[in-house]
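Structures follow.
Common to both upcoming complexes is chain A, partnered first by chain B, then by chain C.
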Partner chain A sequence: MNASLRRTLWISRVTFLEAVRQRFFAFLLVLGAAMVLSSVSLRVFDFGHGELKFIADFGFGGMFFFGSVLAVVMTAQLFFSEIDNKTALTLLAKPLSRAEFLLGKFFGAWAVLGVFLVVLAGLQGLVLWAREQELIAMAEQSGKIPATFSVLGLGQLVLMQWLRLGVVIAIVLAISALARTFLFAVVVGSLAVVAGQLQWIAQDAFLRPTDSQAYAAFLWVSTRLIPNLQQFNLADALVLGSAAVEEGALIAVGFSGLAYLVAYLTLGALIFRRREI
Partner chain B sequence: MSAAISVRHLTKDFRIGLRGLKLRAVDDLSLEIPRGQVFGLLGPNGCGKSTTLKIVLGLVSATAGEISILGESYATSAARRRTGFLPEAPYFHKFLTGRELVRYCAQLSGVAAGDLDAAVEDALGLAAMSEAAARPIGTYSKGMLQRIGFAQAVVHDPELVILDEPTAGVDPVGSAAIGRMIDAMRTKGKTVVLCSHLLGQVEQICDRVAIMDRGKLVLEGAVEDVLARRDRHVLTVEAMTPAARAAAEAALEAHGAKLTSVTHPRRSLEDLFRELVTGSRDA
Partner chain C sequence: MRRLAPWLLVGVLVLGAGSLAESSWRRVRPSIPEIGRKELEPTLGQGVLLGVLGGLRTVVADIAWIRSYVFWERRDRPGCETLMRTACTLDPHARYFWENAGLRIGLDMAHWEIRRRGGYAKVPAETQERLFRQYGRRGLDVLEEGMAYARNRTALLLAAGFLAEGKLKDLRLAADYYRKAADAPDAPWYAARICADFDWGAGRKAEAYRWYRNYWETRMRSKEDGFPEDLIRLRSMESELRLGLLQRIPRQSWER
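On to the complex of A and B.
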């Protein structure tokens, strides 16, 4: 294995260990799990598709929200704990490039969020499956056919959300490389996530004709600089097979996510190279 | 062979505050640190010692001037592979054990997988940290932190070891132990750069010293040369009597020499302390 890749992996390993030993991670994981499990108690009395969808929306909402919070706050924290505790001073005096350090942080944080998503999605899958069994049993009596929950769809949702959080981590790392303080990185990172979720509004506006050149330029820049984070929620529909999503659309979203991820990591590494430790 | 570190007309301005006020931390500093010696970098708090070392290691950029380290014109990864660094007031990932930290640092420093275990145990042994190595770093005392910091700095057997205040917060026994570790590095032919406020120790273990003040170099040279007062002599006499003293004075005067002071030699507080105390519990 390449030496540079190995160094990156060692950094990410320690980053991962640091993150999973934090109370903050455990706290958000418990909150997310509580939200997923509490969706069991949701009962919409149509005993069918509506009810499963309601459960799924509620649980995935928690996963989506707490995952975003974790991606922003934990990433900034993992970065600034090395800077503020001066452990970065020790590490960067070693034959380790700044890019390897930043990539190590990225993969460490991304792995933590992978664990977060898999645990919560696993729980959510159990909840959906259990309720589905109940509904099927009832359907046999009443003659209604319930929606079917798809494990493959759930897997695709996890992948898409993981990619979305990867883009968020890359953005927060680029901001952290520039920021002086943890608080600044968290505030600007959160704003970036909100902007990303709302980006499709700007994109919609862009498609409409406008007279103002400046406005058009602003829209052009903002729709390219800020990724459309909403598009990753495309896969949510697959879990209950409620809407048809074309394979091509998923692949396109995947590639655009990867492109943003690489672009923000590159930007972060360039900024971090010039930072004084 | 070129110097281990050379610094030419180095200047560093820090911008502070929103108005961009400048603080000159290092001011036109020129310095050569030869190989194979223990070099002491001294000076009062805030005179720019740590800043100079960070610039040499490429952690902070210079405003003006040039450096070279182990023959490279900046701290390339090849130069850093041959260098060990213990930062001031070191702090390490507190959830790792001492051994895990040293191993992590060895891996990052490019120690081959086959040599890893031996290198880690050697470094822990040299720093007298083998016993505490299985404990998480969060439970270490200040002196143990400095020693584990020393271990991570030398685990990859570097040619050049840069120690920024390795004795800060360490008791006299521990400081003496760190002094012996530095001596061991010199015996192996390594170059050691040492920042310290323990002038007594610096005097004992350094071959050369440089003194900085307000970012400028005020003195540099071999310890022997800068400390010896070649116009004065000290005689130590046993069983002195007033008559003997008068006779000696007269004899000296006959040759045009003059006795200017008679005192009792003192042992240092450090010597006394070390005579009385056996060692800290974690030493």
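On to the complex of A and C.
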């Protein structure tokens, strides 16, 4: 068990180092950071939202969008580079199982996305804090209640987003294990992310009564096969306190995310076991 | 069977995860009011999807609002209304969108419709009046909806009172909106007076005086200069109601 864990961690480490050295990662990180920082100057285009809301939305939008792109493209790229360069053959000739290889890839990619999120969230926190101080000073002068943000909420949001991206990585790895080309994995992976973001529509439809058994069965299957990625997007409620979050709801979301992660990694490992390299 | 076992395990895992996600979604859904709104359905093709997909909602709401001005200039009612509703839906906590959408629908769109039908000279007065009421009511509906979401209701209540009086000619309804606005902590100074005047105009004279007097005594007298203009209005009400000396507000030391 220990040896298996060691091997998995070794693959993760190599994957992590390979990923952070990629220009693609640096490019998206800079782009995301630019988006977070530019929200301060772009807030002049804001129409009556709370100013912090505009800044937060802009930054979290970047985090969500570039994070998703990174999770899909980088994961597929890390997987296919091993296959195309035949390094996977060399690695798997050693006492390393295919499941360990896939798990290593997963943890390496997940760690990279963790760094991506922490850097962007740190910047976002700084920008929000600086503007919050200005708004507090202005509110004291005018006798109004200033808008504030929650640092704890920001931390919780980062965890939620990290979990969401973990699910995306697991799905992309399962698709990559099946796919023959990098492009196929990226396209299908992207479609899976969009489907996951819109899964709540099927979930809502499933909760409504219907006469058609076939339709109900289709909805039941689709709501279980496709993970609901929308449930991780609680930025407004957690960071700006725009709505209350039910007690224990975050833990429930966390468990469902982890369950999907395990399910898709197991599926990926099963498919990869039968794959010809 | 042995070969199938791992696949069965994956199936069970996915189904279990799906069931967990279903219960967790029910619990977090009320915290995301932006999604799942019927108003989004006709606008899915206009880039709104991006906003629904997470983050960037505020930005997309702003863009939708700017775009609605293009339709407003062209007096294109469906286009303008759809984009305004989109902005409201994407950022339901922003008072600005609800207030301006409600006022634009309630104040402008009846005029567009009259012009579309041939102009003020051609459209009969009753039809014009019906259109003003119809669009005024729609504007009020938008404002009412916004009150459920927006953090600051006062401006929406004032706008609703304005529409109820100006377009629906319903003084009682207008007075009710102004009363609610006057009771808010950030009420503007004029809300109570307009409320009392509308109630008075609607025939509820005694109730209007009682409420206005109570409001002045509890919220106005102790502030700034004691709101003398409001006291003058109260005095004129007392005269019209022919109240006895003991029933009137005691004379203030600063009163002329």
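Odds and ends about this structure:
Everything that follows uses one rule, which is that the second predicted complex is superposed on the first by the 265 of 277 C-alpha atoms of A that agree within 3 Å, B and C clash if a C-alpha of one lies under 4 Å from a C-alpha of the other, contacts with A are read in each partner's own complex, and residues count from 1 in each chain.
The rule is simple: contacts are C-beta pairs under 8 Å (C-beta built on N, C-alpha and C of every residue); 3 or more make two chains touch, one makes a residue touch a chain.
It should be emphasised that the depicted structure is a prediction, and the values quoted were computed from it without experimental measurement.
In the superposition on chain A, A:E246 makes contact with chain C only, while chain B stays out of contact range. In the superposition on chain A, A:K94 contacts chain B only, with no contact to chain C. Touching more residues of chain A than its counterpart among chain B and chain C is C. Applying the stated contact rule after C-alpha superposition, one finds that A:T148 touches neither chain B nor chain C.
When both complexes are overlaid on chain A, the residue A:P227 reaches chain C alone and has no touch with chain B. When the two structures are aligned on the shared chain, A:E18 is found in touch with chain B, with no touch to chain C.
When the shared chain is aligned, chain C comes close enough to touch A:F65, but chain B does not. In the superposed model, A:V194 makes contact with chain C only, not with chain B. Residues of chain A that lie in the contact sets of both chain B and chain C are absent, per the superposition on chain A. Every residue of chain A that touches chain B in the complex is listed here, in rising order: 3, 6-7, 10-11, 14, 17-18, 21, 85-87, 89-97, 274, 276-277.
Interface residues of chain B, counted against chain A in their complex, comprise 54, 57, 59-61, 75, 77-78, 80-81, 83, 85-87, 89-93, 95-96, 104-105, 107-110, 149, 152.
Interface residues of chain C facing chain A in the complex, by the touch rule stated above, are 6-7, 9-10, 13-25, 27-36, 52-59, 61-62, 65, 87, 91, 93-97, 151. For chain A in complex with chain C, the touching residues are 45-50, 53-54, 57-58, 60-65, 194, 197-198, 200-201, 203-204, 223-225, 227-231, 233-237, 242-246, 248-250, 252-253, 255-256, 259-260, 262-264, 266-267, 270.
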